[in-house]
Amino acid sequence: MSNSRTLLRMEGISKAYAGVAVLRDARLEAHGGEAIALIGANGAGKSTLMNILGGEVTPDHGRISIDGSEVAIRSAREAALKGIAFVHQELAMLPTLSVADNIFIDNLPTSGPFISTAEMKRRSRELLERLGSSVSPESRVEELSIGDRQLVEIARALRHQPQIIIFDEPTSSLTEPERRRLFKVISGLKAEGVVIIYITHFVDEIFSVCERVTIMRNGETVWSSPIGEVDPAKVVHLMLGVSAGEGRIREPMASQGESLLHVSGLSRSGILKDISFEIRAGEIVGLWGLLGSGRTELLRAMVGLDPIDNGTILWNGQNGVSKITPRQLHREVGFVTEDRRGEGIHLPLSIRDNLALPNLKSLLNHFHLIDTGRERALAQAMIGRLHIKASGQDQAVGTLSGGNQQKIVFGRWLAANPRLFLLDEPTRGLDVSAKSEIMRLIVDLANQGCGVLLVSSELEELMRVGDRYLVMNRGSLVDELAGSASAYELMAAIAESGEGNGSWR
Amino acid sequence: MSGLRLRAIAEFLMRRGFLVVFIIVFLFFSVVTRHFFELDNLLNILSAMAPLAIAAAGLALVVMSGRLDISIGSIAFLSCAIGALLMRANGLSPVLAALIVVGCGALLGAINAFIVVVLRVNSLIATLSTMIAYRGIALQLTDALLVQLPPDVRFIGNARIGPIPVDILLMFLVVILVHLLQSRTVFGRRIMAMGNDISVARRLGLPVDLTGFNTFVLSGVLASLGGILTTIQNGAVSPFLGSGWEFTALAAIVVGGISLLGGRGTIFFSVLPGVFIFEMIRNGLTNLSANPYSYRLVSGVVIFAAMYADALKSGQGLRSRILRSRT
Amino acid sequence: MLRRKLARYSDRSGSTTGRLPNNLTASRLVQWGSRVVLLAGMLILIEIYAPRFFRYQNVVNILLQVSLLGLMSIGMTVVMIAGGIDLSLPANMAMGAVLGAMYMRSGGNWMVSCFIMVATGGLVGLVNGIAVSRLKMIPFVVTLAMMTILAGSAVWLTNSLSISQISNAFLSLFNARPIFGIPMSIWLGAAVTVAATVLMRSTVFGRWVYAVGLNARAARVAGVPVDRVILISYVISGLMAGLTSILLTARLGSASANMGNDGVVLDIVSACVVGGVSIYGGSGRVPGAVFGAVLITVLSNAMNLIGVSYYLSLIIKGAVIIAFIATERGRREPNE
């Protein structure tokens, strides 16, 4: 049966990095005029699959065909020529230049030696109107909201008359009205026969925008069907592959321990709004929310890496409960950032140097010089305790595997025996066995009486260890759920609070 | 919070600050010295600033692309030294000599470009090295002595069209051309794109390396043009030609509103006022018969203040940029 | 083609291929090997063209120059490892010398004069440090402006003349040759080198400096007081300039604003770069910088002896810096 609509087919796509398979026989099929939701947990492979389509990554195996004929996409340029446009989550904007400049920067219209600004503005206006945007082509991009910038990015993509547009997490930074506007834009594009691939975390959204859904898990496509054949709960189930409660390392327990940390009224204009919570000794609190909800910002604000406008932190230290500043809290807790390679470790330094850095003051000898013997001993102890696989403590941390690097990050803090750990995406980018090791480590720490505040975008992971959950959305703590909550309940906690939250931006 | 108040005042000062300083200095000198406000004196200032203004326009392009070129003074010196020596030794015609000077400027700029773009050396270190190397070569060639221009060429220094000296007209012409280049051509837009975010520019497929290369060549050409002008004004190539140009040009650029981080600013309304201020200060101090060494001190302080303002401005801008694009 | 070859040398942050350690050792061997070869080559050339070079008196002379250049290079090294740069070092040194000499000229005690010299250095360093760490100004710009201010002021204060009324006690102390006939200055230089090496290798502060230079963000997360470290690095650099004022004034028997001209900055940067200190921060060692100072001093003297003009020597030094930086492994993308 011949179909005059565009047909995109990706089959048998496999890709591995350094022996670790990221995609295994993944497939995707989409028709012109429809939006297909590409859903999966972190690390499921959806970004890689789309990067392959967008030409930024080449697959090890598999074929891509458009309208029946196979295509080879070796670069972003080739992808654009084949009619594929990619609107990335991180917009490629040049802030001090105008909207029109940004749209046409790689192909500016000229008359003679000069740029024809009139023509550029006219064409920009046309593209923007097509998208229902009233932004003036002359405004500087740095003055625009994220939603408007996104439309500029889409306008740029539209210049090439694409047949296929990929949207990567388009709504994570948008306000509610901007989101609705985006959906309208997508409908308009669908009506023109464009294939839309919509990558998102927000399960509820796909039901308003998409006709089909493809779900990926662990590098494989586990489900592909029209949207009517699933409901949110089923989608979540397919995404995670494990129902709530299964795979628990530790059963949720109401903590009997004393209160370690009490935060109240933490605010930072535009980022955090009046956050209050408590963490007790021996419990693991999962901080749940999606990208852009402010979880990382909260953790960073707590230890003084980012400023705060208001808020009190009460810490139960050696001298009892007292009010402390974020900087002081930094000295008391173990802090694992989400940017392991950028902020968690010093890549070129050795294992030993990395482990020693926050603990230097305790490694001094009589002359206040660093005692290399004690340094080595510390490193050796940590390597043993954390089972770090390396050729020796002199090995540069940058050459270790992700899992081992993460252990080093932990190791830096363990030596000081803090009573509280703030962990931001500690298992991001790790393979399954490394993830388990880290999770077990976290549970060990809690069992020994430490309090843990764990941030993770992977719900299934939080659910393996969480004693209770704090839910964040757009800078506020919107809910608290017991450890026995189901995955669906947790997903719902975000979806509901996403509606009409207004913009405090 | 008083901190916020201070911030607001500082912000206001920074936006209009330049204008405020300009007016204050202008009024100060007009009042305190006798001859400052006369047309003759003002024309003097404009004439004196012409060579530096031209060179600064070239530097502005490099700065807008996100890099630095502190070798402009040395390029001016070396290229003019070569031209002047050739004229003296081989009796070259002035026009031909001028072409050779500009050619040298382009070549020296291309060497800078090669080191920064191809060898990927930090532009500060690269042009610091070439600044000293080029000056070294020039001093070697001239034996650190004055190289007089042949008598028939020297008259050009006093040429006028109507009441306005040629060098002032030349300055306006060149600066306007560079302004048009930066604001209305594809090349200019690419420079701004690079200065904004070089990795984004690359991602968008812009020829970042080629553009960067050309900015250095252009900077060299304009530096040598400025050198020609100052040589004509003085009737000779002095061993101090171009000395200190880089600092003053950089300061003028920043004071005039172009950010050292790149991607921002215009040429005409930044370079000319900026250079004017410094020349005005020098002229004013001379009129006051102030100690000749005080100029360096005063300009150093002004540079410091201007850089501080720039740092604050970019800090502000950076912070708001981060806030907006948080995901 | 050249680009692709050179691109291989630049480190993309995040190579997990495990090849790094081997590459690191191989390239470091090459880099240090080339330095030793360079030095050896020069010494051989000198032996051929100017054997008088190796006379005792000349060697002591060379070592004197090395101490002076070395002290300032040590200061610059600390700042560079922390990720900054201090272009005002020579001007700072000249200013300190001028101020101290002026004090001595007006009849002041030489010990107070020494204090003035060092204090000036430290104060200037403090201003630089505050500007960079607190006011978040760009190091190049700040120290450049400072250099202009100091140079201008020094010229103004001295009216372009040199001050030669230096107290005899001062001269005799610092020009003395107590042991093996080796001058005081060299012993001082050696002592400071040892102290600085210990500082950078074995103290908490030293580790902090490397951490900040390598990755200031990660250092902050690890609890390092980044701003304070940067501030102190500039103060140290200033103090080194101050120390150098004392020794150079003693050696010359006078102080002038010209002591810190353009060429000196180039020499300092050359010494550091050739000595393995990365301008991007985070790597390099004090002994390396001192070795670099040796290399540069020998190079200068060799060129002098062979009859190369001062100006040509500037060119050669510039080329040497570029050559060393261009082939430095693990270069990050230059964004300035």
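Think of it as A, B and C in the order they're written, each chain with its own count starting at 1.
Just so it is clear, a residue touches a chain if its C-beta (ideal position, glycine included) is under 8 Å from a C-beta of that chain, and two chains touch if they have at least 3 such contacts.
Computed from a predicted structure; not experimentally measured.
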Greatest separation from subunit C - chain, by CA centre: A
Pair with more cross-chain C-beta pairs in contact, given B-C and A-C: B-C
Between subunit A and subunit C, centroid-to-centroid distance (C-alpha), Å: 45
Inter-chain centre distance, subunit B versus subunit C - centres from mean C-alpha coordinates, in Å: 29
Of subunit C, residues touching subunit B in the complex: 2-3, 6, 10, 85, 131, 135-138, 140-142, 144-146, 148-149, 151-153, 155-156, 159-160, 262-263, 265-266, 269, 273, 279-280, 309-315, 317-319, 321-322, 325-326, 331, 333-336
Complex contact set, residues of subunit C against subunit A: 13-21, 24, 198, 202-204, 207-208, 210-211, 214-215, 217-224, 282-283, 330
List of subunit A residues in touch with subunit C within their complex: 18, 305, 330-331, 335, 337, 341-349, 353, 356-358, 360-361, 364, 368-370, 372, 395-396, 398-402, 412
Contact set on subunit A toward subunit B in their complex: 76-77, 89-97, 101, 105-106, 108, 110, 113-115, 117, 142, 145-146, 172-173, 270-271, 291-292, 297
In the complex with subunit C, residue positions of subunit B that touch it: 66-68, 115-116, 118-126, 128-130, 132-133, 135-140, 198-199, 247, 250, 260, 291, 293-297, 299-301, 303-304, 307-308, 311-312, 315
